[in-house]
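What follows is chain A paired twice: with chain B in the first complex and chain C in the second.
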Partner chain A sequence: MAIGQIELKRLTAIHGWSAVILGLLLYVVVATGAVAVFAEEIGRWSAGGLRTAAPLEQPVDATLRRLSREVEPEYREDVAVWGGAGRNLFAFFHTHAVNPDTGVLEDKGTMFRADSVTGKVIDRHDGFIWNDPAAWDDSALRHFLVELHVQLYLPSPWGLILTGILGLTMMAAVVSGVLMHRHVIRDLFVAERGGGRLVGARDRHALVSSWSIPFAFLLAFTGSFFSLAGTIGFPLVATVAFSGDQEALSATLFEPPAPVDETPATLANLNAMISDSRARADSEATYLDVAHFGRSDARVTVWHAPGHGGMIYPVNRYDGATGVWLGAQAPLGTAPSLGGTLYGLMYPLHFGHFAGVFSRIVWGALGVTMCVVILSGFRLWVRRREADPAWRRFGQAVQITGYGLPIGMLASGYAYYLSRPSADPFFWTPLGFVVGVALAVALGLRVPDERRYGTLAQRLLAVLCAGLPVLRLATGGMDWATALMHGQTDIVTIDLLLVIAGASLWWFARPKRPVVRLLTEPAE
Partner chain B sequence: MQSSLETNRTGRRSVLPRDAARWIEARPALVRWLLAGPGAILAALATMAAMPLWMPAGAAGVNDIALPILLMPLLWAVPFFHAVLAPNLVRASAILSAVILVQVAAVLVSLA
Partner chain C sequence: MAATALAIALSLVGLAWLTGTDPKRRRAFRLPPAAASHPRAGWAVALLPGLALPFLAGGGGFVIWIGAVSVAGWAIAALPPERTARLAGHCATLIGRITARPARGASSPSGDRIAALEARILALEARLAAIAPEPAAGQVEPRRSSSSLRSA
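Moving on to the complex of A and B:
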C-alpha cells in the first residue's frame, strides 16, 4: 500500500503522540518485563534455599495424601500443586464460592506451603487466599517485580486494563513505525552519525527500532492479549455464548468433560503418574492439578516446560482412580485446533522460555533493546523541540524516569532483604521501590543539568547494583561456595551480573570530554 | 433524505445519505478521531461479541469462542489503521458503522 505524504504525517503524529502520552508507562512495563523474564531465577536468588531437585521432581504423593486429610472435604474438589523457590511445595485444596467482600465467585480453600523433601508444613492459609500474596508466593521481591510488570501494581482489573492499553499502544507504535520508515532493511545497518546532531539521534532510534520490530510486535500482541483476555474478552464472549457463565466458558476451553461419579475411590499413586508424564513430555513437571480428589471420577493433569525442540507446554491427563494415561491434553478443548495452537504459543512467545535459559537471555536482551527504543524516541522528540522550555522539562522527566525506574527496582531489593529477617517483606518491598523512585526524583529536581544528573544517577545505580549481593549475603543469603557445591548457579550468576553492572556503570560515569556538537540543524 | 447513490464531492458515489456524507466531509479531522478512537474500540468489541455466532467452531469445537479472545489485539488494530489511513472517510465511516451495527444487532437477537 502506497503511503502518501498526508498519511505519513498522520502516522508520524500517532507514533509520536502515543509515545509522549503513554510512553513513560510503557517504559515501566517493558523494563520490568525484561527483568520478569528471569522471575524464576530471581525467586531462587531472593528466597531459595538449598535444594537438589525442583519440588515437583520429588515424591509428592505421601505429602498430598496427608494434607488432603487436614482440609475441609469440599476443598478436595480441586487441588493445584506447584513448586516455589528452594524446596517449597505449594498445594492449594479448594472449591469455588462467592467472596462476601467482593461479591465475585473466587477460589476458596486451604493453601499449604510444605517442604518438598520432608513433607513438613511450613505455612498454612485458609479462605479466599489469592488476595494475600504471602499465602502463595515465597519471594516478595519477585512478586513485586512481576506485579509491577503485569498490572503496574494497580488493583485489578484497572491495572490489567491499563497494561492492555499500553500493549495496544506499543502495537500501534510498531506498525506506524514500520509504515513510516520506507527503508526498514537499510535502517538495520544504519551507522549513527556522530557529533551529537539531531540526525544522529534519529539514526540511533531507527537502528534499534528496526532490529526489534518482530519482537516488539509479538510482545505487544501477546501482552495485550494476557491483560485484556480476562478483563474484557472472557466476560464478553461468556455473555454471548454462555449467558454470562464464565465458569462454563472456562470448562469448555480448559476442562475436557469427564463422566461424573462421586463414589469414593483412593487416588492412584501420584508419583507414578508424574514420572510417566515426565517421560512422555521429556521435560520436568511444573504444575499439577487433581480434580475430585478421592472420587472415582478424579482426573490428574500434569503440565511441563516445553520439551526439547518444542514450544508448546506438554500436558498429560490421567484417570485419578486408576492412574491410567488418558492422553495428551490439547491447549484448548479436546482436540488440536487453530485456537488451541495460537493459545499454546502465547505463553512461550511472551515469556521467552521455549529454549531454556538461552531463549530467556535473548528475550531479556531484546527487552532492554526495547527500553532503548523508547528512550531514544523520547530523546529524538525532545531534541526536535528543545527551544520550548515545556518540552525541555518533559525531557528532564524522561531522564528522571529512565534512571528512576532501575533505581527504584534496586531499592525494592534492598527493602526486601532488610525486611526479610523480622518484618513483612510484602509490605516493605513496594515501599522500598517508592523510596528509590522518590530519591531519583529529588535528585533530578536538585540537579537540573542533564549531564550532571546522568553522571550522579549512574553512580547511584552502580553503588546500588554492587551493594545488593553484599546485603543478600549479610542478611543470611546462601554463600557462593554452598551454592556452587549444590549446583545452584543462578545465585552466583545474578550476584556476579550485579557486580559487573555496578562496575560498568561506575566506569561509564567517569568524567568525559564534552561532545562538540557540529552545526545545529533545523528540526526535520 | 436523498438517495444513497448521489455522487459526493470527489465525484464518487456515496454509500451514505447525502447529508451524512456532507457532514463527514465537512469535519474530516473530527470524523477520523471518532473512527480511530471510539469507532475502532466499538468495532473490536462488536466483532469479539459476534464471532461466536458466525465463526465455525472447528473440529475441537472451540475456535468460535477462543479466536475472538486470542485475536483481540488484531480486532482493534485493523479498524484503527483503516480509520487512520483510509483516503475516503465517507466509505470508511460506512464500513465501520456497518461492521458495528450488523454485529451488535446479531448479538442482541441472539441474547433476546
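Moving on to the complex of A and C:
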C-alpha cells in the first residue's frame, strides 16, 4: 500500500504523540505485566509454605462439608474454591447483594483460608470480601504487582478503563508503526549501527519493533479486552439485551441452564468428581465451583490447567446431587462455537501460563522486549528533538521512569518482607514502591547527567536485586535446603535469578570507554 | 516440550544464517556480500520446524515457538556483526571441545585415538616434506617422528 507524504506525517504524529502522552504509563503496564506472568511463582516465593501437592489435588470433600455447616445458609448459594500458596485452600461461600458502600451488586459471604492437608481453618472473613485483599490473597507482594499491571493500582473501574485505553493505544502504535515502516522484512536483520548516530537509534527501535509486531498486537488486544469487557463491554450488552440485568447476562453466557429444584439434597462426593474430571482433562484441577450447595439442583464445575499441548482450560460440569458428569463446558455459551474458542484462547494468550514455566519464560521475555520497544521509541523521539531543552527534560523523565519502575518494584519487595513479621504487608508493600520510585526520582533530579544517572541506577538495582533473597531468608522465608528437599525449586530459582541479575547489573555498570559520536550523515 | 525446544533451536539456526548473510545488514556494516546467501533455504530452515509443531506438540507448542523465535530472533539480529563473529567463534570452540571429548562409556579404546593421531601426524609430515626444500646436512636437527615420540 503506497502512503503519501501527508499520510506518513499524520501516521508519525499519531504514533509519536500517542506514545508521548501515554507511553510512560504503557511502560508501567507492560513491565509489570512481564513480572506478573510469574505471579504464581512470586506468590509461592514470597508467601509459600511447604507443600507436597497443589491444594485442589488433596481430598477437599470433608473440609468443604464441615465449612458449609459454619456459614449462613444463604451463603451456600455459590461456593468458589481454589488453591493459594503453600497448602492454603481458599473457600468462598457466598451470595449476591448490593454493597451499601458502593451501591453495586457484589459477592457477599464468608471466605475461609484453610490448610488443605489438615482441614484446619487459618483465617475467616465475612461480608463483601473482595474489597479486602488480605482475605483472599496470601501474598501482598504478588497482589500489588498484579494490581499495578491490571489497573495501575487505581480504584475500579477507572484503573481498568485506563489500562484498556493503554492497550488500544498500543494497538494503534503497532498498526501505525507497520504502515510507517514500509521495509519491515528488509530491515529485519539490520542491527543498530554504531557511532552514537541518529540512524543507530532508529535501527534499534525499528529492529525490536519489527520482531515484536505479532505479540505486541496480540497482548495489547487481549489486555484491552480484559480491561474493557468487564467495565464497558458486558454492562453495555446487559443494558441492551438483558434490561441491565448482569446476572442474567452472566447466566446466559457462562452457565448452562438447569431446572430450579430447591429440595434439600446431600452433595455427592466432591473428591470423586474432581478425580473424574482430572482423568478427563489430563491435568490438575485449578478451580472448583459448587452452585446451590446442598440442593437437588446443585451443579459442580471443575476448571483445569490446559492438558499436554493444549491451550484452552478444560472445564467439566457435574450434577451435584448425583455426581454424574454432565459434559465439558464451552468457554462461552452453552455449546462449542468459534466465538467461544476464540474467547477461551484470550486467557492463555494473554497470561502465557498454558505450558507451565516454559511458556511463562517466553511470555516474560516478550514483555521485556515490549519494554525495549517503548523505551527505544522514546529515545528516538527525544534524539530527534534534543536541541530543545524541554524535550531533553522529557528524555530525563523517560530515563528516570525506565529505572524508577524496577527500583520501585524491588523496593516493594523489601517493604513486603520487612513488614511481614509484625505489620500489615498489604499496607506497606505499595508504600515501599512509592519510596523506591521517590528515591529514583530524587537521584534523577540530583544527577542530571544521563550516563552518570544510568550507572548509579544500575548499581542501585544491582544491590537491591542481590539483597532481596538475603532479606527473604533473614525474615523467616523458606531456606534452600528445605525448599530443595520438598521439590519447591521455584523458591531457589527466583533467589538465584535475583542474585545473577544483581551481579550482571553491577557488571554492566562498570566504567566504559565513552562512545565517540560520529557526525550525522545527510541521509539520516 | 522436547519437540518445541528442538523446533526453536532449528529455527534459530536458520535465523542465524539469515542474519549472517543478509545483504542489507552487510551493506549497513560495510561488509562484503556473503559468498553464499541462499535466503530461501534459510527461511525454510527458520519456518518449517514451526509449521510441523501443531501436529507434533499441539497449538501450545506452536504458540511458544512463535514467541521464542520472536524474542531470540531479535536477540540474534540485534548483535552487531563483530560480536556475532566473536560469539560464533566461541560456539565453534565449545562445540569442538564437546565433540573432541570422548563420550562416557564409549566402546572405542584410547589406543585407537592415539593411532589415528599418529597417522595424521605422519600424513602431515609427509606433506611437509613434499613442500619444503631439502635442508643442507648439519644445518637442521633431524625431525623426530611420531614413533620416536612414543618410544621416548
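Going forward, the second predicted complex is superposed on the first by the 518 of 524 C-alpha atoms of A that agree within 3 Å, B and C clash if a C-alpha of one lies under 4 Å from a C-alpha of the other, contacts with A are read in each partner's own complex, and residues count from 1 in each chain.
The rule is short, and it goes like this: a residue touches a chain if its C-beta (ideal position, glycine included) is under 8 Å from a C-beta of that chain, and two chains touch if they have at least 3 such contacts.
All values derive from a computational prediction rather than experimental measurement.
Engineer: According to the stated criteria, A:Ser275 is in contact with first (chain B), second (chain C), both, or neither; which is it?
Structural biologist: Once the two structures are laid over each other on A, A:Ser275 reaches no partner at all.
Engineer: Which partner does A:Val190 contact after superposing on A: first (chain B), second (chain C), both, neither?
Structural biologist: Touch partner of A:Val190: chain C, not chain B.
Engineer: Once the shared chain is lined up, is A:Leu342 touching chain B (first), chain C (second), both, or neither of them?
Structural biologist: first
Engineer: Quick check for you: in the superposed arrangement, does A:Phe215 touch first (chain B), second (chain C), both or neither?
Structural biologist: Second partner only.
Engineer: Which partner does A:Ser296 reach: the first (chain B), the second (chain C), both, or neither?
Structural biologist: Neither: A:Ser296 stays clear of chain B and chain C.
Engineer: Classify the contacts of A:Gly310 with the two partner chains as first (chain B alone), second (chain C alone), both, or neither.
Structural biologist: second
Engineer: Which residues, counting only chain A, touch chain B once they are in their complex?
Structural biologist: The contact residues of chain A facing chain B are 1, 3, 7, 10-11, 14, 167-168, 171-172, 175-176, 220-221, 224-225, 228-229, 232-234, 236-237, 239-241, 249, 252-253, 330, 332-340, 342-343, 346.
Engineer: Can you list the residues on chain B that touch chain A in the complex?
Structural biologist: 32, 45, 48-53, 58-70, 72-74, 76-77, 80-81, 84-85, 107, 110-111
Engineer: Enumerate the contact residues on chain A facing chain C in the complex.
Structural biologist: Spelled out, the residues of chain A in touch with chain C are 186-194, 203-204, 207-208, 211-212, 214-215, 306, 308-311, 348-349, 352, 354-355, 358-359, 362-363, 365-366, 369.
Engineer: For chain C, which residues count as touching chain A in their complex?
Structural biologist: Within the complex, chain C contacts chain A at residues 1, 4, 18-19, 22, 24-25, 28-29, 57-61, 63-64, 66-68, 70-71, 73-74, 77-81.
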